[in-house]
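Just below is one structure, and these are the notes that go with it.
Going by the order they are written in, the chains are A, B, C and D; count residues from 1 in each one.
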Amino acid sequence: MADPMKIRASMAGDKVEVKVLMSHEMETGQRKDSKGALIPAWFIQNVTATHNGKTVLSAEWGPAVAKNPFLSFRFAGGKPGDKVAITWTDNHGDKRTDEATIA
Amino acid sequence: MKNITIVVLGIAGAVAVGCASMGHHDEAALGAKALELMKASFHEQGQAKLDRLEQDNVQKVCSEYNGDKKIPRDVAERLEKAELANIKYPADGKYLGDWKNGERIAQSGVGMQFTDTAGAATGGNCYACHELTKSELAFGTIGPSLYNFGKIRGYTSEMQKYAFGKVYNSEAFSACSNMPRFGHKGILSEQQVKDVVALLMDPSSPVNK
Amino acid sequence: MDGSRRRILKGTGSAAVLGLAMAAGLFRTGSAWAEWNKAAFDTKSLADAVKAMGGGAPAESKDIVITSPDIAENGAVVPFTIASKVANTESMALLVEKNPNILAANFQIPQGTEPWINTRVKMGQTSNVIALVKTADGKFYYASKEVKVTLGGCGG
Amino acid sequence: MSRIHRTVIAALLATAGVALAQQPRSAVEEIERYRAALGDGNPAELWEARGEVIWKQKRGPKNASLEQCDLGLGPGVVKGAYTVLPKYFKDTDKVEDLESRLVSCMVSLQGFTPEQAKKDPFGGPGKKVPMDALVAYITSESRGMKMNVQTTHPKEVEAYELGRKMFYFRGGPHDFACATCHGADNLRIRLQDLPNLTTQADAQKAYTAWPAYRVSQGEVRSFQWRLYDCFRQQRFPELIFVSPASIALTTFLAKNSNGGTFNAPSIKR
């Protein structure tokens, strides 16, 4: 199973700023191993962020997103103590959801 | 309790004066111990065998003179003379190869690491330490700028020979130089050294533009 | 990050959690979850990418700002912030012109979320980078900047 | 690989053209901006989190956690421990750095054999190892604290002095020593600045920035790895993980950084 994300959610003025680090190889499918064989693509394709159940961001990613991806965004309507949940799905169908409380 | 404190202070005091109080004998003993420790702490991998820890004369002498401890003039002269004697100048008397090859050798840092393929073409990695041409801005500063090397010094055969010797065995001209002995240690072939000399000395080389 | 503020949902692949996520309205529509525009991610040019996203010719806009260093020390990780002041921005994409496939990422920006994204992408070489904005009425706008890629270090 | 990179640098700097030629430091300034932009959101945090879990996890034949491991400030004290390492430990009668101390604790507390504990020193693509994560977690608990390595025990004195000798030891086909690149001020290889590890200011700056997340490798690299890869580039044979020489050299470098504020895991190219 994939490692947990690191999610930081805090108030930035009247908005909530979310910063997420995800643990993922983000293998492009273009690299070769030491024996010259192509390493198959393995990357996060979809990311969804929700605040109190409402989607505040959704993304489609290609393999060009950097390894161990970082993502930051801001949304309105949140307050300290609210929950922000992030879910990613990769091209193998693996999923991971983690949650943070807005500070 | 008091006694213990004094003992500890005694040791700390010895450390504080450390280098200064240590005579040649202490440094030599320490060096021998360090070598023993290193031999137990590395293992051979690929082309890098443990004999790479066996120091030759230059390596031994130059490991001792470091920091503020400058090499005495007589020691330096003896070392330079011995190294000069082992330079093999080209039998055909020609020092200039192809500067374009020389540029490739100057750019490449490949070779001799345990992750490199043994016997594959090696580079000189000149740009890692020297400025050479104006088109390459990613140059290091461990060595002096060699831009306009031939233009400044003159395109004479004596200067060609000097450049060949310097690349072949830098220690023959400047004891304990940081520069590898590319020819003497077999890092570059005679032809490759000639190519690098051409990069420095050929009037059409970008080094001299 | 303060560990106590973070709660980790274990066993996220399980049906129970999936059900929970669905109940929480994580899925906008039945299959929206798995939506991934393969056609767009296969394209090699801005024009083709926009076409695959269902748009016409994009217009250059000064209301889109790309913030990044002009030189990246390593192409494996290049940080970008993209921001849009284009009215009714609905989605924002990041494209790297000289990558094998041009589209790197596309973000849907719902009402209430700032059209502002900070993320990191790979760049195979020095290239133009494009931020592409789609508005609610289906129009496309873009801005671009060049980022140079180096790799320092000892060499060899 | 590196030849391609060289070409890339050459090509881009050539295309960067006249502006760069007139102001060569502007490239360096842009690279500073690049590093600053990566500072917020260091993937090393993922290793730190994983390391904390592994530290508390019951593992090995004795099914025990590492929580009672004495890292130098007493059993179980993680906060600030990295600032006093390497250090002499009575139970092993050795000077140990963080990595070798973790090996000792895996053996004594968890019942692993030394071979098992040392088996996977460094991670790689698709290969996560406990050691990297533990190192990331423990070092992160010294962030913001001052380096304070002591050489009071005779074995600490000896390790420091042997490390100093090794630092100046020239060998291999290229005659390189650590000091070749790290023994004078304001040097660089290509565009990469080289710290002068014989001066306090540079030693502090360099030592307190390891371990680091290397973006070129997508991995957190420990100080043991830093030495391992330096010796590879020195054209030496392969440095053995937590070998006595590696610990002696670390003692020399760590003590030279005393007084510097520890600020790692960091993020580097």
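One rule holds in what follows: a contact is a pair of C-beta atoms (placed from the backbone, for glycine too) under 8 Å apart; a residue touches a chain by one contact, two chains touch by 3 or more.
Just so we're clear, the structure is a prediction, and the values are computed from it rather than from any experiment.
Undergrad: Any chains in contact with both chain A and chain C?
TA: Touching chain A and chain C alike, sorted by label: D.
Undergrad: How short can a path of touching chains from chain A to chain B be, counted in steps?
TA: The fewest steps needed to get from chain A to chain B is 2.
Undergrad: Return the chain pair with more inter-chain C-beta contacts, choosing between C-D and A-D.
TA: Between C-D and A-D, the larger count of C-beta pairs in contact belongs to C-D.
Undergrad: Closest chain to the protein's overall Cα mean, using per-chain Cα means, please.
TA: Central chain is D.
Undergrad: As a quick test, compute the distance in whole Å between the mean CA positions of chain C and chain D.
TA: 34
Undergrad: Roughly how far is chain A from chain D, centre to centre by C-alpha average, rounded to an integer in Å?
TA: Centre-to-centre distance between chain A and chain D: 29 Å.
Undergrad: Between chain B and chain C, tell me the centre distance in angstrom, where each centre is the average of that chain's C-alpha atoms.
TA: 48
Undergrad: For chain B versus chain D, what separation do you get between their C-alpha means, in angstrom?
TA: It comes to 26 Å between the two C-alpha centres.
Undergrad: Among all residues of chain D, which ones touch two or more of the remaining chains?
TA: 2, 6, 9, 13, 16, 27, 45, 49, 189-192, 215, 218, 233
Undergrad: What residues in chain B touch two or more of the other chains?
TA: Correct list: 108-110, 113, 127-128, 138.
Undergrad: Going by the contact rule already set, what residues in chain A reach two or more other chains?
TA: Residue numbers touching two or more other chains: 4, 6, 66-67, 70, 72.
Undergrad: Which residues of chain D touch chain A once you look at their complex with the stated criterion?
TA: Within the complex, chain D contacts chain A at residues 40-43, 45-46, 49-50, 125-126, 128, 215, 218.
Undergrad: Tell me, which parts of chain A touch chain C in their complex?
TA: Interface residues on chain A, with respect to chain C: 1, 4, 6-8, 15, 26, 28, 30, 45-46, 48, 50, 53-67, 69-77, 85, 87, 89, 94-101, 103.
Undergrad: Help me check something: in the complex, which residues belonging to chain C touch chain A?
TA: Listed in rising order, the residues are 1-2, 5-9, 11-13, 17-18, 21, 24-26, 28, 33-37, 40-41, 76-79, 96, 99-101, 103-110, 112-114, 116-122.
Undergrad: Going by the contact rule at the top, pick out the chain C residues touching chain D in the complex.
TA: Going through chain C, the ones touching chain D are 1, 3, 68-74, 76-79, 120, 125-126, 148-156.
Undergrad: Which residues, counting only chain B, touch chain D once they are in their complex?
TA: So the residues of chain B in touch with chain D come to 8, 11-12, 14-15, 18, 30-31, 33-35, 37-38, 40-45, 48-50, 52-55, 58-59, 62-64, 66-67, 107-110, 112-115, 127-129, 134-142, 171, 178, 180-181, 185-187.
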